[in-house]
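Below are two complexes that have subunit A in common, paired first with subunit B and then with subunit C.
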Partner chain A sequence: MSNRVEPVVLAKRARKRFSRPWASLTAIVIALLWTTPTFGLLLSSFRPEEEIKTTGWWTFFSQPNFTIENYNEVLYGSGSSGRLAEAFINSLVITIPSVLFPIAFAALAAYALSWVEFKGRDWLFVGIFALQVVPLQMALVPLLSFFSQGVDVGGFTLMPAWDLEGEWKFVQVWFAHTAFGLPLSVFLLHNFMSELPGSVIESARVDGASHGAIFRKIVLPLITPALASLAIFQFLWVWNDLLVALVFASGSETSPLTARLADMAGSRGGEWQRLTAGAFVSIIIPVAVFLTLQRYFVRGLLAGGVKG
Partner chain B sequence: MTFDFLDQIPKFVVLGVGVLAFLLVVLGVLYVGNIVPHRPKSLTAGLVFLIPTLVLVSIGLVVPAIRTTVLSLGDSRGEGFVGLDNYVWIFTDPQILGVVRNSALWVVLVPLVATAVGLVYAVIIDQTRLEKLAKTLVFLPMAISFVGAAIIWKFVYDYKQIGDQIGLLNQFMVWLFGEGATQHWLTMPFWNNLFLIAVMVWIQAGFATVVLSAAIKGVPSEIIEAARLDGVNAWQMFWKVTVPSIRPAIIVVLVTMSIASLKLFDIVRTMTGGRNGTSVLAYEMYAQSFPGQQTGRGAALAVVLFLLVIPIVVYQVRNLRQRKEVR
Partner chain C sequence: MATVTYKGASRIYPGTKKPAVDKLDLEITDGEFLVLVGPSGCGKSTSLRMLAGLEEVDEGSIFINDTDVSNLPPKSRDIAMVFQNYALYPHMTVFDNMAFALKLRRTPKNVIREKVAEAAKLLDLEDYLDRKPKALSGGQRQRVAMGRAIVRQPQVFLMDEPLSNLDAKLRVQTRSQIASLQKRLGVTTVYVTHDQVEAMTMGHRVAVMKDGLLQQVDTPRTLYDKPSNVFVAGFMGSPAMNIKTVPLGEDGAKFGDVIVPLSRERREIAAAGDFDKGKTEVTIGIRPEDCKLGTEADGGIAVEVDLVEELGSDAYVYGHAVYSDGTERFVIRCDGRNMPRLGDVVHLVPEVGREHVFHAITGDRIE
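Here is the complex of A and B:
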């Protein structure tokens, strides 16, 4: 079929689809189901406390009453109301290194696994690849005790006890997120890197470039799109994570937004003025990132970048 | 207002230390990578690049996973040896059997419903004027945390014994069937599981929409035109042309979602805390290990989770391999 005809055909297809009323109705119902709950929560977060608790958010349209008091309280209020400003900072402090570390380490490892030849390389790759199967639930309890007691293998101290206190607990959260994120990151970057043109790297090698130089000057610029997709995935994963945060960042000094919100939902489940505003504080950053970088996110998804 | 930004400064110091450590490690690796002999075959060069990953993965995953397997044969304090008692407990205790049943429900329903919704939606919006916007609307929940989504839906399911309903679902019941039809959705035995599953479907359907929509666009237009010339209707087109053409993508979506549902934890913890018969394996593992201090049982649950994930992943990998070979 020639390109000249195609647009006409496509337009016809499109019109046919729209003309089927049931199909359009289904799409509209789905779109409404997928947006109304979030919209209701957003609207509620701006309503005064006594109104949220006594009337539905849809009554807002007949008697609009607007306030930002909920946000003020939930962000800066006293301990019992969430103190989400602090949790927001905790989320940031947890997320930034937890994105940088695994991606950089994975890029280095993927380079060695695709462009440095050595004995046993393929076995190593299969090993790291297979680790994707291990659910992080398998690692939680022992890893936590490693941080408090160190690692001993047959009397040999592999890692001393860390005994982290207060804000230094962030380090163990970074460690956990990095370790858990590495297998998938290495796998995806290896897929991408091993398809780079070998001739370019080969000729650099002939010119006497070292591995460090090849990685920096040739490989790194070529894999930037893959790094971007991966960074978005890891960012969303870490920012939205609850389990790792509960285990490794317990305590008010380090717990991120998700952990704080989950607590509020459990202990003060009826305080909707705080929950609605709090949920939005936690949602706003990932949604903003997602909307601006959606293209990279979709590209990564189609390349298989889903944490499984 | 008790929040003082100055109190937060130590955290940024820790962050600075972390970023500095990051730069040191990366620059260190690159520096050593510069000076090691750059023969193409070099174990040293390979290991230099791999060391950060190998250290982290072995301390953070490999050794802990082995420890957990050992712990699963031990008692609640992780000391005495109890053989397979913890596994026997999982498959005989009626409460835990209920948990296993719930997990099975999640693994079957979430992928099926979410993929079905995503597929139908992707087909309908394909090549329409508002396709991009329509896709983004359904895709957006992917960016929201499970905790956030759980709160959004807890609000929808909210139930008030007296006064006006503030939850949308109960208000709909009032509008449609009158005051008597309202329900406390999250405490209804068995059905509450389905209300939790709906939240996961809501999050995952966008993933199905995006992946399947890309697959639909990959279906050669010759095939579609040929089918059209043969006079098939929309229904036949969907089942006889679209679905078979994108079958590999459908399988990838199904498998990915089933793994995610098996490991799901956050929604259950935030919405019900596992009460009223809503617990699932991943939540029970957490509840036993941490609040419950039952190390052995928690470890056994983790191992069961691991064993259940393996066949799904093996299937996924084989599937991907075959796809690569076909290409």
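Here is the complex of A and C:
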């Protein structure tokens, strides 16, 4: 009872404690613990099949037995579990347009919503953001029937069925990802864009710039950090997506890495050693994207929320 | 080369009843430097933005030369604007900032280079053309904003308090630079400021606004010597004119026992109006420099000194009239080397014929 301490003092004390050497040590230990399984998986992926299945990954240190057979098999092997290389390409084909389309549309929409005056603008913006509330899963079936049956109202065809087959199914996935990604993208970019100083936009208007020119020459260069961070978000989301891909891009010609990985585990449970290599193949691109753009990622997280 | 004409131009912001600019009538001749001045919220910036095309003209119209520009977008008006916060394009170099408007009009590259170089030379910016705005000082940024307007060679320059972000010394310096630059280029200029010193020193003519209404447009001299109403009288000049509303007596205005004589014509105009019986009043304005310190024998108004502001060359004496309850405050300019001390009672002697007389109710000037 006698030792009542002010919160400020407590906070100071806590900060001091966390900056002590053993606090850093604890952080390092936790980081190591977290990384160990991943590291084990990496080691396993380079071990022969029978060793993976009989001994732990740590035996690698006592009897190093290095092979790239697993990678060979998942990338180029025959059968449904192999050919990851193909799925890898599919993933890229799905992901790149699914990142570019929503960002391009969202940037245009955000510009209109923040710098073009028209009636009902604020309500439209609220409406777009409200769409965020609808869970993706609810839209799957209606969207699927939209693709396969088109839109009929009272026997009158508003929109014919798309009837896409084979590689054309990519278009469906692009469409779905774009639609799902737009509300959040519009919201984020709008917040960022409307924080730009109004007089700069006005100055460009007086200088003779049309909306198109203002968008291209003034607004886009100034919101690059927001675009970059949004691109990373959307990229990671689409790359790691399994659900949308399964629904709209089923079939061996179009299925991405995630679908192929799931297949590998499901139909060939006996050959689970392949998952080790498969996992690392699918990680490569996100890690590369993250590392190259992480500078923007950190800066972009603050952007949009606080005036920058 | 252009004239600008406001014809009953009004701006009523959505959701408000009172116009921000109320039926503004104003003619600006070719090559003129017109200053719009007034307290904040008086509609001076709105008037300028209406001319720029950044605000709608809800009633009336605005002409540049003989063209009705009321409904034209900014880019079709051939005007250039300097903003209060400079509004430079932060991602472009100084050169690109100045060349932006020309590039949009597809001016040939060598012409752009020539024009920007010329403007940069004029504004002493030649060494900074490759820099981004963030690497410039406030004064340099302001000059880039000016340069951006100059390279356009527009019909009209619009300037919205371009000096208010500079420090006091730089402001005085830039003030004269802008004025001489305008004289050299001969471009019609509309300049908005809240600073009456800027208005007096820069403008060929000055338009004083208040509550969206134009009060008076005239040369600085006339504005200062013959303000058309109490507001203009109080706004122009620093320190402000001593403006007192006092009882109107048989021979003139009564400051306590002291009478400032007024002619019969003036008294008659001043007395006309809706006064309570026997309580006729008149408003008298005396500039601090139009009165001197005298003695009681000179017929001076007794004033007790509250504060003395020393400016070196001269000094301002602030005090309250002894005859009243102390709310009647006066400012008198006097010699800086011969000034009263705090608490002294001095006598304010108005210079004959230099007083300004206004109607106590309407506030209009009485000649």
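By our rule, the second predicted complex is superposed on the first by the 261 of 308 C-alpha atoms of A that agree within 3 Å, B and C clash if a C-alpha of one lies under 4 Å from a C-alpha of the other, contacts with A are read in each partner's own complex, and residues count from 1 in each chain.
To be clear about the criterion, a residue touches a chain if its C-beta (ideal position, glycine included) is under 8 Å from a C-beta of that chain, and two chains touch if they have at least 3 such contacts.
Computed from a predicted model, the values in this text were never measured in an experiment.
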Touching A:131, do we find subunit B (first), subunit C (second), both, or neither? first
Check the contacts made with subunit A and report whether subunit B or subunit C touches more of its residues. B
Just to be sure I read the superposition right, which of the two partners does A:68 touch: subunit B = first, subunit C = second, or both, or neither? neither
After superposition on the shared chain, which partner residues are touched by A:208: those of subunit B (first), subunit C (second), both, or neither? both
Quick check for you: in the superposed arrangement, does A:140 touch first (subunit B), second (subunit C), both or neither? first
Looking at the overlay, does A:261 come into contact with subunit B only (first), subunit C only (second), both, or neither? first
For A:197, decide between first (touching subunit B), second (touching subunit C), both and neither. second
Quick one: is A:171 in contact with subunit B, with subunit C, with both, or with neither? Answer first, second, both or neither. first
State whether A:283 touches subunit B only (first), subunit C only (second), both chains, or neither. first
Pick out the shared contact residues on subunit A: the ones touching subunit B in one complex and subunit C in the other. 205, 208-210, 213
Touching subunit C in the complex, subunit A uses residues 197, 199-200, 202-210, 213, 217-218, 221-222
In the complex, the residues of subunit C that touch subunit A are 52-54, 73-75, 79-81, 83-85, 87-91, 100-101, 104-105, 148, 152, 158
